[in-house]
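Take a look at the structures below.
Shared between the two complexes below is chain A, which pairs with chain B and chain C, respectively.
Up next is the complex of A and B:
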């Protein structure tokens, strides 16, 4: 097994009227770690999917191991030794690791002799840089273990060229470092070539040899990481110089407790533990960041606070009074939620931008009393103000919100949730899938709300985001808050340890 | 001791009844299990059951051989299931709505072509007398087991083995559990589901053959009482495990036998109430196995009712 290089020339790919890639070229040297960079929607995934036969490029040619290659189906890429670990895992959750590995092979026998397959797999696993349990359904593995299983699967298939799509997005900092280090070792020993799709510039600086940068479906630059620092890479990615400005933190947290959660429990679901939170408080003018590996109860916590899931026992108090997350109480106590995947969890996709912007307030008049007839003119006027203030780009205020881009949906939900007097704001992964400028804007708005006296509970899988925005950090593991610390001077390594449940 | 005697009678009648009543449940639930493992639901199996019953009876009458009737029922089921499979692989066709259409089509076709076979009597499948050594007629009758029941139990173990140790079985599970994984492996999703649906309906067709050729052993329009639909609930109860389908079918069979058994000892109070026992069991099972906001253990990930 030895590493092979891949070169792509003049790749074009169009979906309907949308030109996803135009004349993109990339050269990956054998035995190197190559970074493929770009903002969301820049065409990174489309490019590698063309390499792997998942899509067929409309134009362009490929050289694999210095030989012209035609890749029309995934099986063609498979035969050439090219493989990919997708961002959305392609393990079958109900099947064991062993079943997943064997079924990924090209030559599976009609009847599988599990005894000898298991023995062969155990033998193979001994030579692996990381261990995964063979006879456990992959659905019950933690995200980090699933990621490792995906990589082990590719090594089991004897890949010589491997693409990793955002490989560290579900890992703790230690796991990410460990995994990237091992991958880099494999590449530099000449066993395989690695392409990493990422937007984490720290990882690029530490583990990547060369990069190719895409911007809006076009080639934007390439070169050795030795000569390209974060500033240059960011400029290539967004097409202009961008100075990362940390949003300014004004004033100290007040003593007034806005959110208090005590002994909160929810029911377990299919092998996953429910929530079991002894105590969690958020004060006014304070951002409390919840760190944790995805799938450790953060989503459930947002659902409980947003009224999407019932609690079994314990109490949730807002402003010192028990809170049941009903619409009446949310309006009365000024609680707002910015959920993850806002189009799915916070919008009605087929309703217009105006309607969606009014979801919080359409049934109340200015004095807060219920109204039967809607004030359509008032709603439209309010929407126009929000669209202007938040720079929302929509074909028309009467367009269904589902047709807007992710960043603009996020701006709409942000505009709606931050409208008026907000006492408590719950935010989940607010910058997921946004481009660099939208990220900076969103974070600045959250910080501005905090500075104005809002209590903010920030749930995020991006540890950097938590470190940047929080006043205090709480770490979740297995549905529990296992550690709390002030954000100033917090050590990412220590947070990572708690994320894994180590003391 | 008349009371004790009645209890014994009821127990024997229920055992016998549950062996008989459970067989159509078993075949339809195995077929439904196979189809749902591929990520598709087939409510049309109720129609397949009725069509299978009609075809089996008609072919048995015309050829004089009930086993040919069983094969014909399986084949008819395969055709109707295949139609469901083809329709569902078209874009934007909902499998639940399509299943209801197939169910109505199946019963309609069966009633239309079955009219001339209501009167004549076709040769039935003989039972295997496991109770030949017993003196009491009652017990001997109870242990007269249909070969189709044994075939069904064998099919359950066969299907369990198939889904765990064969390439085709694992491919069906991949397609049913994770479309992403199936695409990444380059598996033909629609074709796999089509075949799983067709084969599942072939099993359901055999269940229909049992109705007309074993028990009750005649063909008329009121033959099925919704077993094809209850089998869908039964598969949920069995957690998509073929072996569990056997136990679940026996339970549903016992519930179905409750009414007739009570009648044998002259217990006539609440006659219709006890006949409704299988439906009550269906309701109780569905309520007991569903928890608000939680996913069902063992459910194939691509099933449209679960997404």
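Up next is the complex of A and C:
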């Protein structure tokens, strides 16, 4: 098994009248780690899907291993040894690693002789740079191990060219470093060519040999990482120089406690342990960041604070009084929530932008008293103000919010949730899936709210984001807050150890 | 940046999709007729004449449309909350039975007492019945479509059991019925027009429901809960109570339809009440995309189709079930037309980044 190179020339792809790719070329040398960079919607996924036969390019040609190749369906890519590891896991959770591997093969016999298959798999595993347990259901593996299993699966399928889509988004810093190091080793030993789709420039600098950058469906640049620093890459990605300005932190946290969680427990959900948080406080003008590997109770914590999940015992106090997350209490105590994936969790996709901007306020008039009739003119007027203030780009205020781009949906939710006096703001993965500018804007808004005196609880899987925004960091593992520390001078490696549950 | 005609195009899309579905169903049905050696044009002509050709056929059409307006609301109101409730038939028959039985002690007091009692009893019974479905859904997570369907069978069985048992008038020999409310207490037709009295009630109910859904905070909260439960929970809206409330209100409409049918048509509760109004209401609500105002024309359309059934039977020798075949084709076409939305580029917003 040896690495193969892939070259794409002049790839064009249209969806209806939307030009997803125009005249894009990419050259991936055999045995290299190639970074494919670009903002959301730049066409990265479309390009690799054309390579792998999920889409057919309208124009352009492909060279695989220096030979012209026609890839019309995934089976063609498969036969050429091209494969992909998706961002979302594609393993069957209830089946063991061995079963998942055998099942993925093209020529699975009607009756499987598990004894000989097992022996063959053991033999195969001995040659692997990383070990995964063969006879454990993949559902019980940690995220890092599942990611490794996905890669092992591709190697088992004898891929010589592998695309990894945002491979480290679910890993701790240690796991990410380890995984990318191993991948790099495989590539440089000439077994495999790797394309990594990513937006983490630190990883690019550390593990990638060459990059191709796309912008709005066009080729924006390429070259060796030795000559391209983060500033040049960012400029290529967004088309202009962009200084990643850190939002300014003004003033010290006050002594006034806004959110206090004590001895909080929730019921276990399926195989996952429930929450068990001894103490967590957020003060006014303070951002407390919750770090943790995905699936360690962060989602449950947001659901409890957002009123989507009941608590079993313990207390949640807001402003010193018990809080039940009902609409009355949320309105009276000015508690707001920025959920992750705002379109799925915080908006009604079929309702208009105006309606969605009014979700917090439709049943109250300016004086805060309940109203039975909708104030349609008032709703439209407030929506116009918010659209102007937050630069929301929508085809019409009466368009359903579902047709807006991710960044504009996020702006709508920010406008709605940060409207007026906000005492406590709960934020979950606010920048997931946003482009560079929208990320900077969102973080600046959160910081501005903090500076104005809002207590912010920030739950994020992006450790860099937590380090950048937080005043204090709490680490969650297995439903518990296992460690708390001030953000100033915090060591990512140490946080990573706590994220994995090590002392 | 802005796309001024987008809201208008969106409305047009919402009008065109069901229209195309109706045309597709008609085409399919034409094939069905041609296979049997019948002319689709004759069918269209006879349907038109049987449904809307004369004032007499209009009366016939409206008489059938009256209960349909209310049974469609029984699907559309929960539908706005994201629930597909298909058990309106039981709410109609049980509502009709409750209206009759509760009114019986008052028959001596005249229509001024009897009719309001009937309306209230019918609505209470229907609301209770569909509300039970909503409760099962909201509190116990039981699939509301299955629950309402199974409860419809149970409701019809209870209805038959009671009408043939404790509530039976021994004088009703061939067709077991309850005691009558008396001719003096019955609802007459509207003077001059000779139109079924359920029509103004049904239209008023549709308008009221439209106002409730699109103009009040409560309706807004309901639409949020129906559009995205997670978002509604995050806003602290009482999702479960809204769902149960919509079911109760929808059931009350269907129960009222049963009460009106008894008061205007039969004078007593018997198997005639189970005429499939609850099921046709499902079709109408989907055709109207759960918009109460759109229910009005759709109910008239389907009422007309039903009214033309007799004429078709006599002239073309087609069995009664032919109209049901067409109804079924329309329902399938409507459900399939949901995939039409967002497919045609021209209707989509322009200029957005």
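Keep in mind that, in the parts below, the second predicted complex is superposed on the first by the 503 of 503 C-alpha atoms of A that agree within 3 Å, B and C clash if a C-alpha of one lies under 4 Å from a C-alpha of the other, contacts with A are read in each partner's own complex, and residues count from 1 in each chain.
In the analysis below, contacts are C-beta pairs under 8 Å (C-beta built on N, C-alpha and C of every residue); 3 or more make two chains touch, one makes a residue touch a chain.
In this text, all values refer to a predicted model and were calculated from it rather than measured experimentally.
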| item | value |
| --- | --- |
| Touched partner set for A:79, first chain B, second chain C, both or neither | neither |
| Partner chain in contact with A:310 - chain B first, chain C second, else both or neither | first |
| Partner chain in contact with A:330 - chain B first, chain C second, else both or neither | second |
| Touched partner set for A:488, first chain B, second chain C, both or neither | neither |
| First, second, both or neither for A:95, with chain B first and chain C second | first |
| First (chain B), second (chain C), both or neither touched by A:372 | second |
| Greater chain A contact set [chain C / chain B] | C |
| Partner chain(s) touched by A:394 [first = chain B, second = chain C, both, neither] | second |
| Residues of chain A defined as touching chain B within the complex | 54, 73-75, 78, 86, 88-95, 99, 102-104, 108-112, 114, 267, 269-271, 309-310 |
| Residues of chain B that touch chain A when the two form their complex | 165-168, 170-171, 173-174, 177-178, 180-181, 183-186, 291-298, 300-301 |
| Partner chain A, residues of chain C touching it in the complex | 1-4, 6-7, 10, 214-221, 223-224, 227-228, 230-238, 345, 348-353 |
| Interface residues, chain A side, partner chain C - complex | 16-17, 306-308, 325-331, 337, 339, 344-351, 355, 358-360, 362-363, 370-374, 376, 393-396, 398-400, 403-405, 408 |
